[in-house]
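The first chain written gets the first letter, and so on, giving A, B, C, D and E; residue counts start at 1 in each chain.
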Amino acid sequence: MWKTIIRRLLLMIPQLIALSILVFGMAKMMPGDPFTGMITPETDPARIEELKEELGLNDPLPVQYIRWVKNALQGDFGKSYTFQRDVASLIGERALNTFWLSFVSVILLYLIAIPLGILAGRYQQSRLDKTIVFYSFITYAIPTFVLSLLFLYIFGYKLQWFPTGGSVDIEVEPGTIQYIWNRFYHILLPAITYAILGTTGVIQYLRSEIIDAKTMDYVRTARSKGVPMRKIYTKHIFRNSFIPIAAFLGFTITGLLGGSIFIETIFGYPGMGQLFVSSIASRDYSVICALVMLYGFLTLLGSLLSDIILSIVDPRIRIE
Amino acid sequence: MSFMQVVDLKVHYPIRGGFFNSVIDWVYAVDGIDMEFEQGKTYGLVGESGCGKSTTGKALIGLEKITSGKILFEGEDVTKDRKSRTSHFHREVQMIFQDSHSSLNPRKRIADILAEPIRNFLHLPPREEMKKIDELLEIVGMPADSKEKYPHEFSGGQKQRINIARALATNPKLIIADEPVSALDLSVQAQVLNFMKDVQKEFGLTYLFISHDLGVVKHMCDYIYIMYKGRFVECGTKEDIYENPKHLYTKRLLSSIPASTPVGREKRKSARQAFEKVYEKHIHKAFDENGRVYDLIPLSDTHYVSASSKKEIV
Amino acid sequence: MDLLAVRNLHVGFRINDAFYDAVDGVSFTLKNNEILAIVGESGCGKSTLATSIIRLHHGRNVRVTGEILYGERNLLELSEEEMDHIRGAEIAMIFQDPLSALNPLMRIGDQIEEALTYHTELSKVEREERVLQLLKQVGIHRPEQTARQFPHQLSGGMRQRVMIAIAISCKPKIIIADEPTTALDVTIQAQILDLLKELQKETGAGIILITHDLGVVAEMADRVMVMYAGEIIEEAPVQKLFSNPRHPYTRLLFHSMPQLHSTKKRLHVIEGIVPSLINLPRSGCRFSHRIPWIPKEAHEEQPKFHKISKDHFVKCTCWKYFRFRDEKGEAD
Amino acid sequence: FSKNVTLPTSVTNEGTPIKGGILKVGIVKDEPFQGVFLAELYENRYDGAIMSYASNAIFEMDGDFLINDEGIASMDVNQKENKVTITIREGVRWSDGEPLKIEDLILPYEIIAHPDYTGVRYDTEFKNIIGVEEYHEGKAKTISGIRKIDERTLEIRFKKLSPAIFSGGDGLWTYAAPSHQLKGIPVKKLIESDAVRKNPVTLGPFKFHKIVPGESVQFVKNPYYWKGEPKLDGVFVEVVPSSSVSVAIGSGKYDIVSGFTATKWPEIQKYDNIEILGRPELYYSYLGFKLGKWDPKKREVVTDLNSTPVGDQALRQAMGYALDVEAVSEVLFFNFRQRANSLIPPAFKTYHDATLKGYTYNPEKAKKILDKAGYIDIDGDGFREDPKGNKLEIKFATMAGDTIQDEIAAYYLQNWRDVGLNVTLTTGRPIEVNAFYDKVEADDPEIHVFMAAWGTGTNPSPSGLYGKSDAFNFSRFTSEFLEETIQKIDSPEAFDQSYRAEQFRIWQQYMAEKAPVIPLQFSYEIVPVNKRVKNYSIDFENPTELHEIELLAKEPIKSK
Amino acid sequence: MRRKKKRYRKKGRARGMQVVFREFQKDRIAMTSFMLLVFFILFVFIASLFIDQEQLMRINLYDRYSPPGEKYLLGADQGGKDILGQLIIGARNSIFIALAITLITGLIGIVVGLICGYFGGWVDYIIMRIIDFFVTIPSLLFIIVFVTLVPKYSVTTFILIMSLFLWTGTARLVRSKALSESKRDYVSASKTLGTGDFAIIRREVAPNLSSLLIVEMTLNFAGNVGIETGLSYLGFGLPPTTPSLGTLVSYANNPAVLQQYWWVWLPASLLILFMMLAINYIGQALRRSVDVKQRLG
């Protein structure tokens, strides 16, 4: 197993190299540079030229690429031009925010989706099932930003149940219980929105897995053993139906850092998705490249993690 | 005189693993077998599940890569020819599969199914192609209107007949039949077996009949190979095998066949169980220290048994 | 007293909004200590009959009527909870394909233990002990190891042994074995059949053995029922049936079996094909269209069960007039 | 301004003020703020806006954005010797109690001119200070042109001086930096240091208390504030996404919102808990015509009227008259934008030429001009051909922005079509901001006309944007007369206000006539203010002093 | 374990189109969906023939946000353009886009999936790694680069760009099915009968995946109906002169529109919702007719 994992990790290297070339090329192909946004009569074009030269933006692409790779290998992903900070620490800060938001979202998502999926699958073709399927189609069809905005207005502003922006109130002292609660409280509304929007997939998957599992021979065996139906669901059907979802967990876990552009922007939450879009807009190359590499790495890691999880939950698939 | 020989055929499947996904071990699915086929005879290949019967069949026809060994067809080495799908060899050797249903494409009409080999090998003009199809259907005793139907509209026996018709399209010399009736009901099985014998007589066909049902094999075959772990433990004519089994494994196989009468079953059972004890005790002697089956040793012109030496043969 | 008595059982499946009976008015009894074999062509309703005895059919697409008397109780009238106490504990079942019949994600030990959990008062430790004991009983050499393994790690024969261990775990009165050896090799088949027989001797359970392999019947059964198209068409003790089959179908069936000890050139063939559920003839003798050379008059209009000797029953009167076709055609 | 916007610039709410209280400020922004809180280093205007509550500015400006004597420091310009003497008040203290020193005024120059400094402020203008370049190249330990005279006086010598010095131009730096806090920190590390990111020491009425990076800042009053102790306890500034700002205003989340776009005005118009203030912005949008190329070797503009379809002055003028800017201003901007008549925003009262008519919407006039200049539809496809009879297709580049931006572009295209001009979008769609400037700067041949805007800053001088050697002269138009006029505006003679104003007028008129760029709109900045704020003014001449703001209630008032 | 027995169940039971039809009969929602959708699509395509797009997209600033009424049946948007007309043309465009993307991704996915699944081995391995790689590429970055680089950005380029990223899902699905299908005996039979590999893929394997593919494509189609909505929100959608449902919906990012001028975005949202629902229900019914286990009767 360890060997396989290491081999897979090694296999990632060429993939990441390819990705880095592609991304670097694309980022540089985008028109504009970090200074385009600064054009005002007060800035001096000559100074901008000078700075570009200093930052090496005028060097040939391969030179820039090699320099970037060299630094990246030493853990230096450069400086964000817009934020005037080390990319690593900037991403670290945002990643933490996004992680908490996504974490709560995913928990909520499973809390909503799993029972619904189970009910729909168990009582297939009942009115309940039809309602759940309808619900899942609806959430699938609603654009993220529409629901986010509606929720923000209704629950944030009209009913004032939740805070309407940011990740934490400024008054609370970091490190206290209130601080943790306050952060959680800020995360809640965006997380609920995120969770509701994400339920479709899980519900549909779980439902059809359960419907499939119900007709399996081993379920018939269990019934012939005299296991009550209720127990058959809990001990046989659900467990087996969760495999694909468990397998997806790898992606979900690494995906936790991806963040959602819409949710983060609308709820004013400083996270990764939003950083990604804004760094594209401001041509903050070092941030773009670092983020893409991080995503790429996470995606590959996710697929590895999924395989590992799958091999743990499903004894039929053991790596080696 | 035999028209086809198989010399020291081996098919090994690699097991990959380790750090660079390199080959760490091999499955010796077929591990050095020799066979010979004569015109108009039926050869049985018997053995327990997973012993390599299907692999042998597939390797002969070119569906599996051969690790080593040679196939001589009409005196020529055709081992390499098998790569080209439309070689002479492929025209002369055909195959019937166990699952009559899954070996017919459910989306194709019978006419198209039968036309496939004709188009690939015979290249007939459309009119003659139709004629040929009608002929084939007649041979296997199916009404002409079956042409327009789809496989699912036929019974298992009928489907297996269509399979046979398709195999016959190129006028082959040898048909490899991989468990052609194991999936069929008793009465349908009888139908197909009868029919196979009929066409054999008519066209002078040779069959390689793969099965684990010793009753069927006895009914069909002239010569029988008993396979165990990718090698032959015994081969000989039907009489050699059924009346004079020499290898312990052959004997065990024979003793396991359920009888067709309830009379004396208690006796049979105790005999069987007694034999099982003997088998367990002595079977290790039948193989070398690596568990590999010994080479065959001739007992008579037709009868061969695997043993470390002639003395060992009981 | 009969262990089990089935009276006029009908099991229908819903196809295109109508119910079609796959088991059509079946009655029989099973006694203690008896192995009752049910033979018949594929699709004649054997499995349907077997699974309906422990009421594994449910939902609105299946309709079961008639009586299944187990002791005093009609199983068809029990609630699901009551049935749960009977399934596994009193009546157990063994299925054909042991790979798919075992939960791929559960350890063998746990799957055997499950039945014990619901039907016995044993403690966890006792249950585990019993599991090992059961595994040993079905001839598994290293029970501790096997109990910890998953189904895919076992060979076909081992899996079927595990299925048997599950079935006998609560010492049921009745074991229904639906083609328990069809998926297995001859040598393993022989071992499994011997094992079943021994276990039956020990426990005295009644076994319903479903198969289409006459050889298996010959080796195992005390009494045989032959099914055709959802009906039982002949019933007799095994000796009688093999020595003196009566119903045309039974006779044809025996004739189409390749005989190990005969060198007949050609095998007998039953003409025509088994009709599908929808096309099943529902009146008259269902076998009549497959023996067209027997005149219509030979069949009863409403075939009845005829007692032709003490314990030998045959449906329809056509048996009296039956002869093989070539007996007539090649009447040399 | 043709139509008068009725928004007041100040508000007074009746009632007894509470003691202290926290002023809540929302800053409209869809991303987190950067959080570089040092005037010398920040690059993002939002950081500047946040810092303004704790400003380190040492000068104050009058209504014409010229430095006056009312700030911490006063300035004496010696035009002859190209020398400026700055004197600071006595007793001014930093927010940590340290007294303000002359070193604190020198430090900013040393930061900006430092070899490790990587911002945009070390520019040509900055090099106007004597000795800066030597210091930057590491040849000198100090900047020779900057000299501490005594504990309260600083002297700075320049290579040359222009009237821009009074707007803080010519290289003059108008902020102080706390040398006692920053001295030990190397310039390279400065930007990531806590002194910049977490606990800056400042001079303004409030001081930084707490910062949630990217989201919000809490200020408390600065007890040492030189104008006196602020009446408020503090200020809370928070970033608010544009999508929810209106609702936030209605639900009383903020006392003051800055960065509120005028197009959202109807969303808050109905609220009864706020007063909406407005003032003209230092901004104009314009239509630019590509009339030449930038010569990168000589670093100058080369005008070539024949190489472009819009080389004809008449055509340009007609295109100006054809645009229904008035409707756009009225319908889309609720008159918070106005048809611009000149290239100087009216906020610069002295320089703005109010007499210019501008290209007011007049399609008939446009048609007439075109007819006269020979642009006539010959082939009858509804579009005019050029005077030579060739097909005329004018490529128009515009920035992609919000939907309103797209709508305006589409509307203008329609306006031109209505007078028979075939104008199409470069690339077929509005161009993403970065790409837009890339293309405009590179004189993309696919651009004949473009629509852009300038925020002018406090110095309206056309040099930098319209000069011969200005890379930002995007229309690439220059002429001897134009170059001369621009020189005059920033010449020593121009220290005479009326002379300078006259030259501005000449320049405005010349540009209006030649129409290399046509000003489109001036804009209004609007600031919603909650009714609990006792008095607040955004008037350029007479803004509210932050330390004097008072509140009337504990919490901002909610709308009903 | 070869001795699986043959069942003759297939015979006499509904097959092919019949099954589909029966499944629809059983499922009234699917039936209704189907009829409504067909009717709607016909209506949209016919009605759009009678609409002059240039006239429709003409801006009338003074009709900005006209509420539904006599002049504009469904009101007007921020440019004073008729919503109803935009809905019809937009629906046509969105359907066309969704269809085009579905077909293109379907085609690529099917070809690649079939090749992977049929040949297996290293061919499969390499292509799968390429697919993995595609998954790691941030599509947003790619799309932005394209939108800014491609000189003429139009519906066609949009379709191509989106397709570039959406084919991998189909490819994976087809591959897994093709893998198991290629192990079936009729493929082996074709090989022994002398048919070439690509002919086998085309004539033997592909037709047998067709029903599954139809289901997959139907569901993809549902997903693609609103595909440009999110991109429009970020400003990288279709050119503004091309009416599309996504553009209309994305106007809701303006809170005023969301709250007060609901007629701008709501009808388009409902249309998308309706189409997605309808297609999904149709897809579900189709899926049931393909998958025996889920069948209703």
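Simple rule for what comes next: a contact is a pair of C-beta atoms (placed from the backbone, for glycine too) under 8 Å apart; a residue touches a chain by one contact, two chains touch by 3 or more.
Bear in mind the structure is a predicted one, so any value in this text is a computation, not a measurement.
Asker: Quick check on the contact network: minimum steps from chain D to chain E?
Answerer: Shortest path length, in steps: 1.
Asker: Pick the pair with more C-beta contacts: B-C or B-E?
Answerer: Counting C-beta pairs in contact for B-C and B-E gives the edge to B-C.
Asker: Of all the other chains, whose mean CA position lies farthest from chain C?
Answerer: For chain C, the chain whose C-alpha mean is farthest off is D.
Asker: Chain B to chain D: how many Å between their CA centres?
Answerer: 89
Asker: Indicate the whole-number Å distance between the mean C-alpha point of chain A and the mean C-alpha point of chain D.
Answerer: Averaging C-alpha atoms per chain gives centres 38 Å apart.
Asker: Measure off the straight-line distance from the CA centroid of chain A to the CA centroid of chain B, and report it in whole Å.
Answerer: About 55 Å separates the centre of chain A from that of chain B.
Asker: What are the residues of chain E that contact at least two other chains?
Answerer: Residues 1, 3-6, 8, 11, 144, 148, 250, 253, 255 of chain E each touch two or more of the other chains.
Asker: Which chain A residues sit where two or more other chains touch them?
Answerer: 30-31, 149, 153
Asker: Out of chain D, which residues touch more than one other chain, so two or more?
Answerer: Residues 243-244, 247, 432, 434-435 of chain D touch two or more partner chains.
Asker: Which of the residues in chain A come into contact with chain E in the complex?
Answerer: 11, 15, 18-19, 22-23, 26-27, 29-31, 125, 130, 133-134, 137-138, 140-146, 149-150, 153, 208, 211-212, 215, 261-262, 276-277, 280, 288, 291-292, 295-296, 299-300, 303
Asker: Which residues of chain A touch chain C in the complex?
Answerer: Touch list, chain A to chain C: 216-218, 220-229, 231, 235-236, 239-240, 243, 313-316.
Asker: What residues on chain D touch chain A, complex-wise?
Answerer: 30-32, 34-36, 41, 43-44, 118, 120-125, 191-192, 210, 212-218, 236, 238-241, 243-244, 247-248, 250-251, 253, 432-435, 437-439, 454-457, 459, 464-465, 470-472
Asker: Report the residues of chain C in contact with chain A in the complex, numbered from low to high.
Answerer: Chain C reaches chain A through residues 51, 54, 56, 80-81, 83-89, 92-93, 95, 97, 100-106, 114-115, 118-119, 150, 152-153, 163, 166, 170.
Asker: Under the touch definition given earlier, write down the residues of chain E that touch chain D in their complex.
Answerer: Result: residues 57-59, 61-62, 64, 78-79, 144, 147-148, 151-154, 235, 239-241, 250-251, 253-256 of chain E touch chain D.
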